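First the structure, which I've put down as structure tokens, then a few questions once you've had a look.
Letters A, B, C and D mark the chains as written, and numbering starts fresh at 1 in each.
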Amino acid sequence: MHKGRLEALSDGVIAIIITIMVLEMKVPHTDNLHDLKELWPVFLSYILSFIYVGIYWNNHHHMMQAARTVNGAVLWANLHLLFWLSLVPFASGWLGENHFTAWPMALYGFVLMMNAIAYSILVITLLRLHGKDSLLGRAIGKDWKGRLSVIIYAVAIVLTCVAPWLSLGLYVAVAGIWLVPDRRIESKITEQD
Amino acid sequence: MHKGRLEALSDGVIAIIITIMVLEMKVPHTDNLHDLKELWPVFLSYILSFIYVGIYWNNHHHMMQAARTVNGAVLWANLHLLFWLSLVPFASGWLGENHFTAWPMALYGFVLMMNAIAYSILVITLLRLHGKDSLLGRAIGKDWKGRLSVIIYAVAIVLTCVAPWLSLGLYVAVAGIWLVPDRRIESKITEQD
Amino acid sequence: MHKGRLEALSDGVIAIIITIMVLEMKVPHTDNLHDLKELWPVFLSYILSFIYVGIYWNNHHHMMQAARTVNGAVLWANLHLLFWLSLVPFASGWLGENHFTAWPMALYGFVLMMNAIAYSILVITLLRLHGKDSLLGRAIGKDWKGRLSVIIYAVAIVLTCVAPWLSLGLYVAVAGIWLVPDRRIESKITEQD
Amino acid sequence: MHKGRLEALSDGVIAIIITIMVLEMKVPHTDNLHDLKELWPVFLSYILSFIYVGIYWNNHHHMMQAARTVNGAVLWANLHLLFWLSLVPFASGWLGENHFTAWPMALYGFVLMMNAIAYSILVITLLRLHGKDSLLGRAIGKDWKGRLSVIIYAVAIVLTCVAPWLSLGLYVAVAGIWLVPDRRIESKITEQD
């Protein structure tokens, strides 16, 4: 089966997630700078979430480029990922509205962790379809980034009861790990061509 | 006529429906767990509706893959389906807001039933264009799933006056029937290639 | 230049317009049938607007299928059409909120008329690029439907001060004229192939 | 790597930005003309922002048409541009809500300037990938428009403390400079073919 519509639906959902998050920044009713400044936590959480969604799109793009075909299981694994991605604006909005306190920070971490798990499931489903010796299999390898992220998220969620800002630091750190797109995929594709 | 834009518009509308439903979960203004917990009926109805919309997208994807071409009638049958799909967020929101009481449950069932009918009409329009001996015709066959769903929905709508939670059980059951994408289409396409 | 992205942007905007209109139907906070019934004018205006947007998408789809290429002028003529289409949810919402009274009815007609004019401009821009003897030129012909619609809209707008419901009848009538997609284009394309 | 999904995500985000901006025009609850007229500043800022987003889409379309391939750096440069584009509805809404006073005017200019800078970064990233002698390199040339725009925006932002309407005039002027899509790209592509 063709992968075109899976990519199209994912692009659509991700495009809307990005734009919905910005709606959490309500336009102030007055025109002074003070009311604009009050939006900084919402803006900060928007930047972080934008980067996270951007990372997922970027890696999704790289991985699907190496994929040759999809099946029903891949479609559902992808929908499962989109489900957790769709909860990012909610978690991000709660985080920004409450100035990064413990519970919103924990929920944000939980949603990020579920996203990481959903992405790993998608990777596994794709690998089962293509085989380990395929272009995709060789490009992805052991997926240590995915496993490490889940562990860091779990630690960060526990830390929210003690030090929410430390959790935020960990979320930023994981984003840093992923910010560089999987160069292996890029190089394997070039190699192949 | 090419089927590309019909798929693109459907993907777009479905992507937005998914993301709009999540907007029904309003970000709580406080940061405690209690206010978050109050959202569970909205979240539950979101999960159910997400799965339903996912099922429609999945089956639409499978069916259109087997289709070779479209005409004006197919375009309108598809728009008709999108119309009823676009009402899912409204029905889902009403259901979640009122904790699964009778009337919202009946409306939800009605919208699901109209979706099932609209999908059947789309199937019929496509079959008329391709013929019963086409790849599409052999892959779809008698569409007993579609007919059975409509009957179950009708029963569930009547049951809402007596036992709304039983109706919910029936909606979940129908989702279960459809969750497995039409393997026949997948196998016929593989066969053809 | 390729027409792909013009189609993609148009599909995206139209998909969102459809889904935004449904947001005008606010989920009632109670679960009784009475509050649901109060939404009928909003629902009615949603149906009418959905059909209108569907007509535009359908005809846009038919016309762009016959087009071979686009240029800067076509891109802007298309954006101009999307601008007026994007005002349909606003006009539709005002109409539904105020139970089809005079001013909202006039604004609705005005937006529809501007859409018709914008569509005609797009047709002219495309014809200038392709020439009158092209597939597109022969398929579109004199565009009498477009001209007739503008005249009917103008009459309907004037009529709103006297009889708003008559204006609504005229809007429905124009939708009827357009509901059948341009069969000429379909037949010319088939002929060509 | 293929450029298809970069274009698809950009089209999706831009389509949603356009349609979200129109949501800033809240449907009046009464049906008289007076309340509709009160919306004129919001409508005016919508028109200006629509034209700006249209310009970006148009030039993005032209530039990507000349591009042959993308890499990770281009994907992120593009996401960076989408980030600043996604803030246009917010800045536009604040401008319209407050009738074009100083601070909203300055923020609007700042967002436009950041968009211009992000677009220049995207241009540079693409040129680095394709080389100066490529079709893209010859078509874009020195990008004087991009540099001039940033300077005018900076002047306009400073002017907001003195004469906000003059700033608005400068924003309109920059739009005028860009309204004509890069004909050089169009002519170079035609030449190439």
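Rule of thumb we're sticking to: a contact is a pair of C-beta atoms (placed from the backbone, for glycine too) under 8 Å apart; a residue touches a chain by one contact, two chains touch by 3 or more.
What you see is a predicted model; the values in this text were computed from it and never measured.
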Residue-number overlap at the chain A/chain B interface, same or different (half cut): different
Greatest separation from chain C - chain, by CA centre: A
Computed distance of Cα centres, chain B from chain A, in Å: 26
Inter-centroid spacing, chain D versus chain B (mean Cα positions, whole Å): 37
Sequence positions of chain C contacting 2 or more other chains: 8, 12, 15-16
Chain D partner contacts - residues on chain C that touch it in the complex: 1-2, 5-6, 8-9, 12-13, 15-17, 20, 24, 71-72, 75-76, 79, 82-83, 86-87, 89-90, 93-94, 97-98, 101-104, 107
Residue ranges of chain C touching chain B (in the complex, touch as defined): 7-8, 11-12, 14-16, 18-19, 22-23, 25, 27-33, 36, 47, 50, 54, 57-58, 61-62, 64-65, 180-181, 183, 186, 189
